[in-house]
Each structure stands twice: as structure tokens, then as C-alpha cells.
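Structure first, commentary second.
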């Protein structure tokens, strides 16, 4: 299962299964000199913690993050930063009913085909819990980026058919509701919708928007490591994401050039754009505007209704999934979107330091 | 500009600028034994060739592909396959009007910031012409995949607001119209729309759909090199792409689990799915169903109207872009979508050969 | 400090400092189906354990390895294998005397220049203790290779000027002496020499030889990932190694073609070589003969004599290094040589599975 | 044959066979702003050109290098630099005698096993001619490094048993003799020796030394991308190299710590070392001293005597290799050693730019 390593310069390797001893991430290539501590990282972990809202699973996990290496006296040393969180909620359990049955919408079948063996106690690596390690590593990236003046604003922009209205945008409200929505009216509707969905044992899809401010122009490496390419890949690697948009995204495919092009302006020797349909990226390189991205999540595949499926003996069977699961993924996944975006940006920012000799001389000839 | 290398096992490096001497691709890691010749690759090049339709630029390029290495007596040898195509249409030209002006929607500004120097004779690496090298490499990948029974169907699924209707799907029609649309009625509407758009010197966005048949279950490396993650990154790296969807994509975010989950069925010892909302990928691994993806293209940024912008002296100026440019990108880019999808699948297919010891023993213990 | 990731297909990331909380390795890309447990890995850890011989440091560490993920019911699942060992011997200590002084032959100075900060409590990442994580990961690789019939024989071939004589080679004796030498007479001399060296507070260099049997022909990826290139890089990455030889190594540079070429022979449809000056590698690819390599270690830089050096204020000072350190590195490092060789071979073996379509079809068309 | 890509940040992909149409290299990640032209690169190509001395093959090749992309008006643009040289000496030839016979000391057999097909017209990728592409890319790296004040001195330090004496070191003489030796007396002996060797149709091994001046302290990424590890791997990837030494190399394994440690000194606020046994690298990171390395080459495997071998039908046969081949490889390979060393250093120098936040801020906050 090569594939658990992300990034070229700020390289993150995640490990751990949902029902194993622990999960973790190792960051290789973190610049020395980033001030970081467990408390800071924990504040990100808490945003994806289950049990914090009525729409999240009741499974109790403290998700307590621990730094094992790479930080000395509160500062990164340039050595690999190893982060670990133990699984506290490993209940001894009877899995015999699902061990050999492939849950619809889950990765049980594909893992069995690929590896010939599967830790049937949970989703293993395909569990949403795997993303906790991404969040831990992402928190370190976000801290490093903040020292460069880069900040993130992430929220749930739609639940099912209910979309937030930009005219009702209330930044402060995002952290005041368990759905992390910035529009109170939309939130109220979404809450009613989710109550109805949950009451039927069903689940709902949703979308997460992430806006990154302060990214300097010049980040992204054409042609294959373009900033938007990297972010798209990073977000699509999150479990339930089925679509990614940059800037006005799909809307661009319905638009005309005369409307879609963002004109440049100059003021006080600085370039800016009057509009930002491009989402802050031109030719795969940041242009100094806000980076704007959206990730679309499918509904939680675990639902409380009987479903048709097959088992590993290739027999048609019925399945009733028990246990705890959220009727909506996006609120807890918003911080994962933020983390993956941050990892993408920081990696390309570091990889691009040598884009011109002028920069190389700045670092080595002083 | 590190970033011109794609893939880990089937590694493609592209090079060349729109107005330089030549462009090319080097494939490292192509298995020995793939039957390939220039004629086969050329048939793919011709699909993105300019000048082939009324909606494509009049620039005349033969886009004649040449194999320089890695093929001996019609078969790949395992050595790097070097592919080249010369730029024949390098007209001596007066670029003084655009050399220092940043075209809206183009990468002129971001390249200048990043590299401090820019080949102002054209888009350089950000030109659509760069994708010709991807198509050449992609053709080799598609040939290798065809030897495994994998095939591609790619077409323009919407132009502006006009979408093809699945009920009118006519596979044969795709190659009978210059827009590569599978729905004759939608094509007629799109053609009328594009005539109107072009008459105003404007341009239109569009979407391309790609369906891959015959991909065995088990391809894709969680958690970061998932098949959908890789494809999303690959497609978003194509110049004008602003959104990527897998399976039902954005629709999933509006759906419910009970509707969105694809139930598994078994028949004659084989697993299949009754529906394919997932687009053939579960947990980032192919499930044996068709892989279904969609890429959304913004309108061509080069339009024939005066636009506001800035120059490299940070002055506000007006620009009128001359030269030849398509009012729509997608028809010529469809083959690029196919190529990047093929490169993604083949790379992961090769990287995943060692997913279980059983496979390792098959290769080395015979 | 990007650089802690080794391998492309069997990817090992190590982390941890000599005086931090713990050290570990994460293996990404281990094929599913390798039977492995902590006891097996521990047997390798014990070979580099300090305190096991009169020539090793007295520092007591249990070096108890723990598997945190990727193994289910005694078998690898294809998920990342996370291995950890805690530092038990973190004594609270007064480091003020060495915190700002650069020990000769150590990496204190270069780390300070590179990172601007250093965990002065020990060698940090440059400590020999870092190699314990390599050994843990190497043990997993060796287990996987053993399932393919590949085995290792590793020993100390010279200490200072004292070399083992092939005519006295006694395989069983290797594990019967604390210097891991295969020649009893040479061992006796080496022991006397080391007693003398140690009595003066000095240290000695030495060489380690590793012979790998059963590697199938065809492993190694020209031109830059040749098997010998990869092994050479892997061995030179071990702390004190200053030279690496493949086959007859330096002797080849003094030889003639007529003497140095290994003639091929055929018997019963199998190819073999009458001699093995090449060390089992031709053109960077294994030829089916034994892989033979040698790594040369410098003397332990920590010695018990006063040395001249500088401190971080750029003052000339004297230093007397206290603490526990071995007068010879090689005996404990032999298992590290074996581990790095195994990681190199397994990685290339997995990466090379797709060298021909015939193999690809074996895996995917059955 | 994945394996033709070298480096992470300054990424070089080589392609081409000895008897194909052309060979080339693509550099991805070259910083913009390096002043480079074909003439400069050609001067390096000429150092490995055959036919230039009595000991080199008579094969006539102009080895004329051409830049196809990435350079605009004499300066790199940050886009991939594509370099090509055509094979002019592709004589139509009867290869039937060697097409199915495995030459001793060559890679014919291993390529056949690995790829199942082989371009039998020459060594293909295992030919020494492959290194011409490395030299072309290396020349660009050397130019970039020279802009940072880094320079190279490379020469043949021994031929067979004849070693240059440091006391007779004459830098100017290196380019005045076809063996690139710095010691006139040793050269005279070597010349007599080679005459004798050649007269018998035999060949000789040799060693090449490379000294790099001006490398700033801090280059190299522990633990696996240490500067010495990278260089060792790079040099061992050159066809006939069988051993690599850093600093005093093998001598270190015979030495004592008290003799081998290089004491640090400070003068005028600068650190230097009194001796340089370490070869300028401590803990895998450059220490500001000269980088000193040595590569040992085996004798040319193509000799003019009858040899025993096997053919692809597994029959024991005799072979008499015809054609043109050098009795010694090292003089022409010296520039390859220099090129690979330069590629290693520049790559790590670029990759290491983000080793501390201080550097990141220098580049992005100005």
C-alpha cells in the first residue's frame, strides 16, 4: 500500500488503522525554527473529534496528540516530526457479521481484492479516522504557513440542496454551530433537513469551502505539480470526496471568456485582480489573490437501513450496519480539507524556493 | 520549474515551449514488450491537432511525432521512450506589444513573478501546446493498457449550458463531429451557440467526460495515491480545467446515502454493482466497474475584445490579443483528458503490482 | 531535513533522536501477506544492541521493538507498518559542557550550520542510535526476501589492519564472537588490538562484508537506480561509512580485463559465472550470483583523549568527551549494513516487477 | 526500466541507446537565470569524446550538443532544459555474431533476463555512451554551481597499480596529457603500462579523483540523502565503477580515532579543519572543506582475446569481440564523475534551501 507518503519537500507519511493500537504521521522536511507544541496541534484535532455534536458519532476518543520527535524546547529542529495518537476506543467486539460481507459504498471489497487480506474490525486505512493523522500534520503546516502570513478560512458551504448565501456570510458564526456553516438561515434549514434524514436512518452529502489568504504569488510547479493540481489530488484523496472545484469551478465551464477572465489592476506598484473567478491560481501558480477551493462529499455510506450486497463467498446477502456513524461527513471533515490544502501549499512553497538563481543566492550567499 | 515529471513507475517527463524548437516527452519505466509505432501515436496527436475544425486555431502544425529511443523493431525494450515533435510554425513575429503586458486569464504574470524571466513569444510551458507531449506519452500508455483489455471513451459532454442527454447517446457520432459530442441534438445547439460566441470575439467553457472500461479491481494506492486522487490531480494539471468530478461527482453532495450507495451483486462468482454512482472507485481503489470522470474547462482566456490589464511596469493598460485562438478548448483537449487518465491508471497499475506477496511470487518464482 | 525517506516502492521513513522520547520507522508499500511478528524483528534489534559485548557501550537499552500498525493476526495487510522503540535510557544530564562545543568527527557543527538549532543532548539524528529504526524496517524486508529464498550472511571482515582470511572462514564462528568475525585467528588478533586501542582511550576503524544469496537475476533499474548504485548510497548513508565496494571493488581498478571478466557458463539450461569479481551485478542488474559488498567504517569519533576544537562562539577550545562509547563501530553496525542492503534489494525487486509486459499480465490477467 | 531519473529538485532524466537515433537529457527544476549556451556544454562533451587520444576508441562521433528548450536569450527560464545529441556513427552492421551471445563483463545477459528483449546492436542503455547525456546535464549543473562560487578539479589518480604522488601534483599537467593525470612521472609509467596492456589486447582498471571547492557548509539531507550517500550512489551508477571512497575512504577503516578525527579551528570568526580525512562531509552534511571523492573503475570488459561464455540458447560458446573499444575507461569517464558529483551537490543544495524558516522567510518575505 505504497501511497501513504504525501509531498516532495514537506513529506508526510501517515500510518495506522481505525481499530489498531495507534495512528500517526511523520513529517520529513519540516524547516527548523517553527514554534509548535501539542496544544496547538490539539486544537485542530478537536475540530474533527467525534462526539462533539449531535450529528457526529458517539464514539468517545480523546484524540490526544503527542509529539515524539523533531521538536526541541518548543521549536522544530529540522529532524522528522513524529506525531502519534492512540486508539483508546478499541472495544473487544464481535465482528463476525461484517468480517466477510462487503458494505456498499465502503472499501471492503476493493481492499480484499487488492491485498487479499483485510483488518475487518473497521475501515482500517479507509476509515475516516485515518484523516486524524493528516490533521495533525496539517496543523504543523498551518503553523509554518502562519509565520509567513498565510491564514485559512474553512466552512461547510452546502448540505444536501441547501447552500449558504454569500450575502448572509457571518464568519463568527462558523464556530458557533456544529455544522460549521457561515450562514445562520442556511444552518437552520440544514439542521432540520439532517434531523429528517437521520430519523430515517439515512445520511446526506455536503460541500466544504476553503479560502486561503496571504499566499504569495509564485507558488506551484508547472506542469504536473501545479498548485491547483496538487490541491485537487490532495482533496480527492480524502475518503468521501467526489468532486473538487477551484475558483468558480464548474461554473467556468458554463461561462464566456469575456465574463470569466479576471482583469488585472495595478495600484501603488502592486498587481491585483478585480474579480477572482480563477480562485487565485493562473497557469497552476498562485497569483496573490485568495486561493478558493471547494470539495464535495458524498453521503456517509454507513446507513441504518438494510442493504443488498455480497459476501466474500460471492453470495448475495443483506446487511444491516450497526455501530456509530455520522449522518453527515463534511462538518468533521472541514478541518481535513484545510489540512490537506495547507500541506499542498507548504510543500510547493518549499519545493519552489529554488525557482530562480536570485533566490538561491539569497539563501547561500550571505 | 520542477514539476514536469508525472508518475512514479511509468514516469513521464515533458519539455518544450510553444514557440521553441521542439516539444517532447520521455517515458521512463515503460514495460518492455509493448508493441508501438509512430503511426499509432500519431493518431492520437491528430485528435488535438489545430486547424482540423472551424472552432480550432488556424495555426498550421503537422504535430508529427517521432520516436527517438526505447523502441526496437516495433516493440518497447524497457529503455526510456523519447518522443519528439518539432515546432514548424515558429513564425518570426513582433511580440513587442505583448512581451511586457499580462494577458488576463493567462499565466504571464505568475510566470514572471515565479521565474523572473519569461519567453514572451507565446504561452511557453503554459501554452496548450505543452499538452501535445502529454498526448504522445498517453498514447503509449493507452497502448499498454489495451494489451490488458482496458479501453477509453472520451467526449465533450457539455458546451456552455448545453449538455448532452444520455438518452441520445450515439457513440459513433462522437468522431463524426468536430466538437466530439455524442448527442446530435446537443451538438447542433452547441454549434449555433459557438457561432454566436465566436461572432462576438468571445469564447465558451465546456466539459469533457471520460469512461474507462476494463480496469481490473484493485488499482489505486491509498491513502494519497488513490486512483481518484491521482486522476483528479492529473486532470487539474491540464491548463484550463477548473473542476473534476468522479462518478456522480457534485451530485453526490446533494444526495442521500440510501440513494447514493451502489449495492453489490454477485453472479457466477463475479462481483458487480447495480449502479455506479461511485464512478468505479471505492476507497481510492478501482472496483471493476467503469471508471467515470468529468473535467470542466474554463472558456479560452484569449478573446478578441479589448481587456483591462497591467504591464510589467505596473501600469494599467488595455490589451487586444491578436493571433489565432480557439473559441473553445474542450474538443481538442478531450484527448488530453484521455491521455492523463491513462497515464494515471497505468502508473498505479504498475506501482501496485507488489500489493501482495502472492503477486511477487508470481513474477519472481517461476 | 527531508531525507529520512528511503526507497520508492518499499518506502521506509525513519524518525527519532538519540535522546528523544522514542525512535521509529514507518514502512509504506510492504506487500500484504508477509508473516512477521515482534519477536522476529527483535532478534535483529538485539544484534545492534549496546552493552552486549566488552567493546560496546555500557548504556543499557532494551531496544524493545513494538509493531503499531500494518500487521493483523501475524501477517502484513498492505497498510503502513509502523515500528517504534522507546528511549528508556534518557538520563537527566548536564550537557552544558558540550551543548555549544563542536565534537571533532561528529556532525555537531554541520547540523548547527544547516538547521540553526540542535538538540545538544546527544547526536540527535546523527547518532548511531538512529540506525536502530533502520534495523527494525530491515528485518521486515529480510523476512519478505526470505519468502523468496533470499538470505544474508554478514560479518566483520577486518579490524584496523587485521583482515580475515578466506581460507579460515568459519561461518558458525561469526555468532560466537562479539566482533562477528568469521576467522578465529583474525579475531584473536583483533581482540588484542582493540584492547590496546581501548586502553589508550582510542578507537579503531573496521570493515563489514555482506553476502546475499538467492537474489534472482534481473533486479536493479538502470541507469540511476542500478542495484549497486542503490546499495552504495544506502551503505554510505550509515553514519561512519567512508567507502563502499561491490565485488572485488578497489581491486578491480588494479586489474586487467582478461583477469577481471567473469566468464559465463551454462549447465542444465542455467547460466552461472565461473568467478564473481563483479559481485553479482552486471550493468547495475543482479546476475543471479551472490551479491557481495563491503562497507568501510571510520574509527568511532568519540575518544577519551583531549581534542582541539571550536565552540559556537567561534572560539578555539579543548574538549574531553565523557560518556559511553564503543571503541569500534563495525560489530554493532554489521546488522545495519545487512538491513540497508535488504531494503535496497527489496525496493528494487518490487519496483522492477513491471519490467516487461509478460510480468504485468501474470499479475493482472489470471 | 524506471531508473533513468536522477535527483529530486534538479531532476535529470536521460534517454537514448548507443546505436539509436539520438541520446539526450531533460533537466526539470533548473533555476531560472543560469547563463548557459551550447558552447559551454560542448566543452564538457569534448572531454569524454572518443577518438581524442591513442587510448580511446576510434569511433568518430561529433557529440554535438543541442539545446531544445528551457533557455531563452542565453538564460534558463525555469522550464525544462532539453538537451540532445544525435548518433552520427550508426553504421549498418552485421550483429548476428553477438546478437545472441552474452559478452563477459557486459550487461547483455542481465538485460535479457530483465526485459526479455534487447537492442543487440550495442550496449544500449548499458553502453558508456549513455553517460554523454549525464555530462550534458552535468555541465548545466556545474555552470549553476559556478555562479555560487563552487568549482571542480577532476583527474585520473591511478592506472592499474600506478598511483599519482601528491608531492608531484601538477594541476596544469592534467589537461596536457590524454590520461588526465596530474603527475608527469606517474603518467609516463601509466603510458608504458597501457601500451603493454593494449599490445596484448587487454585492458586496465583505474581510479578517478574529484575535488570540489567552495561548497558551503550545510549541504546534504540526513539520514538517507546525505551528501556522501547521494554522491556514492551517483558514482556507482556509472557503468564500470566498483568502489567509491569519501575523504580518506578505505584508509579510515585501518586508522584510529585519534589520527582520523579532523580537529576544528576558528580564525576570524570562521571555522575550518586542520586536516580533511572526512573529505568535507560530517554526518552527511558538507562542512565547508573541500569535498574529496574517489571512484574506482574496472578494466574495460571488451578485450581482444577469445573468451568463454554462453549464448541465449544456454550453450557454452567462445566469443571474440570485434569493434572499437578503449583499453582504459577512466580518462574519458573523469568528466562523468565530475558531472554526477555536480548533479548530486546541486540537487541537495536546492532541496536544502528550506532547512530553516529563516531561509524560507528570506525568499518569500522581501
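Residue numbering begins at 1 within each chain, and the chains themselves are lettered A, B, C and D in the order written.
Here is the rule we go by: a contact is a pair of C-beta atoms (placed from the backbone, for glycine too) under 8 Å apart; a residue touches a chain by one contact, two chains touch by 3 or more.
The structure presented is a predicted model; accordingly, all values stated were derived computationally and were not measured.
Touching chain B and chain C at once are the following chains: A, D. The chain with its C-alpha centre at the largest distance from the centre of chain B is C. Inter-chain spacing, taken between the CA centroids of chain A and chain B, is 25 Å.
The mean-CA centres of chain A and chain C are about 38 angstrom from one another, to the nearest whole unit. Contact with two or more other chains is made by residues 1-5, 8-10, 14, 29, 32-33, 78, 111, 114-117, 125, 351, 355-356, 358 of chain D.
Listed in rising order, the residues of chain A touching chain D in the complex are 8-10, 29, 31-34, 78, 144, 147-149, 216, 349-351, 353-366. Partner chain D is touched in their complex by these residues of chain C: 1-6, 14, 102, 104-107, 109-111, 113-117, 123, 125-126, 130, 158, 160-161, 197, 200, 202-207, 217-218, 220-226, 228-237, 239, 242-250, 252-258, 260-266, 269-271, 274, 277-279, 282-288, 296-303, 305, 307-310, 314-316, 351-352, 355-356, 358.
Of all residues in chain D, those touching chain B in their complex are 1-5, 8-11, 13-17, 20-24, 26, 28-30, 32-33, 68-70, 72, 75, 77-82, 111, 114-119, 124-125.
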